[in-house]
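The structure appears right after this line, and notes come after that.
We call the chains A, B, C and D, going by the order they appear; numbering starts again at 1 in every chain.
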Amino acid sequence: MSKVVDHLKGVFSGDAQADRVVPPSGFTARLTSFAAATMAFLTVFALALSMASGRLAMKWGDELTHSSTLRISAPAGQMADQTAAALRLLETTPGVATARALTSDEQRALLEPWFGPDLPIDALPVPQLIEIQETDEGYDAAGLRLRLQAEVPGAVLDDHTRWRKPLQQAAGRLRMLGWVSILLIGATTATMITLAANAALAANAQVISVLRLVGARDDYIAQAFVRRFTLRALAGAAIGTAAGLIAVMILPAAQEKGGFLTGLGFQGMGWFWPLLIPPLAAIVAFFATRAAARRALSELT
Amino acid sequence: MAYGYGGAELLSDISLKLSPGSFHFLTGPSGSGKTTFLKLCYGALTATSGEVRLFGQDVRTMNRDDHALTRRRIGVVHQDCQFLDHLPIADNIMLPLNVSGRDDLEDVANLKELMGWVGLGKRGDAYPPTLSGGERQRAALARAVIMSPDVVLADEPTGNVDWEMSQRLLQLLIELNRMGKTIMIATHDMNLIRAAKNNVQARVLRIANRKLQLAGADL
Amino acid sequence: MSKVVDHLKGVFSGDAQADRVVPPSGFTARLTSFAAATMAFLTVFALALSMASGRLAMKWGDELTHSSTLRISAPAGQMADQTAAALRLLETTPGVATARALTSDEQRALLEPWFGPDLPIDALPVPQLIEIQETDEGYDAAGLRLRLQAEVPGAVLDDHTRWRKPLQQAAGRLRMLGWVSILLIGATTATMITLAANAALAANAQVISVLRLVGARDDYIAQAFVRRFTLRALAGAAIGTAAGLIAVMILPAAQEKGGFLTGLGFQGMGWFWPLLIPPLAAIVAFFATRAAARRALSELT
Amino acid sequence: MAYGYGGAELLSDISLKLSPGSFHFLTGPSGSGKTTFLKLCYGALTATSGEVRLFGQDVRTMNRDDHALTRRRIGVVHQDCQFLDHLPIADNIMLPLNVSGRDDLEDVANLKELMGWVGLGKRGDAYPPTLSGGERQRAALARAVIMSPDVVLADEPTGNVDWEMSQRLLQLLIELNRMGKTIMIATHDMNLIRAAKNNVQARVLRIANRKLQLAGADL
């Protein structure tokens, strides 16, 4: 392990002399940078996708999990009593953040699509609705129902489970999709960089054998290549990441209107994750080139 | 000591000690195993049977870094000389110094003189692929001796150069030998051997029928 | 163009002799196959994503676009007349497929979450609802509103625009996301294959110069390489596509429950599209290798 | 006709006609331009001034396929012989036949005889990287003559082979010359030239000071 650290130090300190022994460019070299760049670009997109779907899942979850409705149907005379009882009961229920009886106006607004604005709500046996905001932990719906049955016989609890399930599933699927893409693209990036490093080293077989002939140590040779390719992958991935971020930013952005999908993009701490891509690419390149160089060297005496 | 590629034995029952400061020629028909023998001498191949000692150390016990260090003490001119094609020829000749972490001013002066001697004084900035066949061989010889190694193994170093130039190269090797270096040259050129014999006490080894023999004064 | 066709024929007919002049394998060769394979794999995923989102968008569109509701609020006496008038009017409106007045039971069912099951619906001034199924072309909502105003003053048309908009936007965004990924991955595939072909040809510079030295024509040399690399890309992409299809199929599949997201996967004709990937990869490889071979050859006499 | 790499002129004011059936040697110090001259002769380089005609056709007017066809009539032995490393040496020698679409039975018999002649009879299945320096040169010569081309250009074909073998190779070229082929050999080996002069009417060309001169009987 300490050898790896030494190596890593070498990569960044650098030895101008050792550096020159590696041919400056060529197709295989360009391939390394390009593979790193495009794969970084795709990774940024996959990250953006999985973050957006993560946010989406959270939003769907939030909107529906944390509120439920209590409906009280009772003869006009008992309505106020039962409502008060229900409110009292809810206040003492663990997991209920707030409970609030809707006003007549609010109820009318809810019913308007059905009956039009002129509904004489007070004259009707319209049930009283109570809006419940849950805490993060949520409450025990079954227990609450039991207590309500005992104390407020006219109350019906609607905890939105019916609506919540499919939305949560959908959001979960989206999030999984994001992670699957990120895993796939990450794995592809690593393999691509590995293969490119191998190809580049194969193309440089003559350089390696000449160096070995004139008495260079394995470490010297490996480090010259490792340094070059690690930096190349780092630069390529940095460019790709930057391009990806820019592309994500300029994607048609009318985000807020979307309602169901928050915009594709990064928010807050989310900006931090794509910045990990270039160092990760560099680390992959480091180990891939190191292994490839050692393999190439082991074929020579 | 014996050696064979794959199944068949190519060299067998060879026993030889190169004493420091000696001068050897190695001859034999094409394909007899001269290059193979030289490779055994600098540890690029390991004998299939028997023991090879380099500077007193058994090749089998040497690790890869030992090999690298040994090669700094043995200058090798390959039959097909390879270079780093992306570096000018002067840098290629300096390469052994660079990879061993030595390149002081003295060596740079050395380089100039050496390149003049092998007739490449004006072509130091040329890249290896643009050199002529003879120029490559001379560059390879220069690269082999720049570290002033204890041993110089040269495989057909004069195959592509004219007679005059081959005399100059021979002169260089003879000088080195006078400084106490051990020299071994594989060659087909009997004239070269004859010329050398006038100047230095050279022994001629001949590979024939898979054996290494000391050729007499039959030249 | 006819030269290209000749070439393409050559690729598949093959000349065993010419084939042997290209070294059988090596890192750069493996790189070509691998690049083709992984990129095909990713393309299958992107395709699956964009098809799933396409289906999703269609589903959302379908569910909401093709139905709307007419609400008739009228004094109890006129209700039947106005309903009949509205139905008559709707029947003559182009773009309306069916129009049907909901029965009392249906209306009660709709209102049940609000008022409980015991609503005396006939005693209430509950509006009459008419469910309209549109044809695919849809009707002219503004024109219909005008006519209704004249003939059925108590009618209010709710064409669900309010709900439709954000869902359609969200679906559109998903679909766009799918297409962007597919474009990106497609472009990356092409570039990757191109670079790999170039790297492989650069690694084979000696082969090309030897062939040229012994009097081989440009076409002969180019075709040997083009054939090899086209087949390699084809095979790689075929493997990658197959792997991608298998992966998409075994992805946790509880598809139908998802509700909002149809499962990630291919349906019906959708299975056809991924089959295009290998030939497309082969075509890219064909042109890339051809161009690379010609470039390499043009540096030799 | 003149030629120069980059700025400086390397060969100038050269005028020469190789008449069919002639036998030429080309000598000159290392780096004087022998290889360059041969490359001009088979159209790998285009003269910077003046005109080069191959089989009567001006090089400047030849397209790439013309070049390919010309090369089937000119067998070239390069100084650094390159092969297809993944094919056995026998296939490499047959390569000119394959790429020109000719490989009938007669040629296969030819191949056997030819490989025996250059001393590679038993090594037909070996891969080029495992050949010795001299074996490579012989294989390159065999590859150059297998098509029985009208002209054979050989650059230092005997640089890495022993005297006996070089006599054999020379014999092969002399035979070809008797069959009416034009032969041009670049070499440093004066003994080879002397040996040839006993058997064939050879002309010796010498490159010196950027000029091509006909060397007299001064050998």
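We adopt the following convention: contacts are C-beta pairs under 8 Å (C-beta built on N, C-alpha and C of every residue); 3 or more make two chains touch, one makes a residue touch a chain.
This one's a predicted model, so the numbers in the text were calculated from it and none came from an experiment.
Chains that touch both chain B and chain C are the following: A, D.
Distance from the chain A centre to the chain B centre is 63 Å, each centre being the mean of its Cα atoms. Averaging C-alpha coordinates per chain places the centre of chain A 23 Å away from that of chain C. Chain centres here are Cα averages; for chain A and chain D they lie 67 Å apart. The residues of chain C never reach two or more other chains; the list is empty.
Within chain B, contacts with two or more other chains are made by no residue at all.
Taken as a contact graph, with one node per protein chain and an edge wherever two chains touch, the assembly forms a single closed ring in which every chain touches exactly two others. Each chain pair that touches appears in this list: A-B, A-C, B-D, C-D.
Those residues of chain C lying in contact with chain A across their complex are 26-28, 30-31, 34-35, 38-39, 41-42, 45, 49, 71, 73, 110-111, 113-116, 118-120, 124-127, 156, 158, 166-167, 169-170, 173-174, 176-177, 180-181, 184-185, 188, 191-192, 195-196, 198-199, 201-203, 251-252, 254, 257-261, 263-264. On the chain D side of its complex with chain B, the touching residues are 5, 27-31, 34-35, 79-80, 119, 123, 130, 132-135, 138, 155-156, 159-165, 188, 190-191. By the touch criterion given at the top, residues 17-18, 20-21, 23-24, 206-207, 209-218, 220, 297, 301 of chain A touch chain B in their complex.
Residue ranges of chain B in contact with chain A, taken from their complex: 43-46, 64-65, 67-72, 76, 78, 82-87, 91, 95-96, 98-100, 103, 143, 147.
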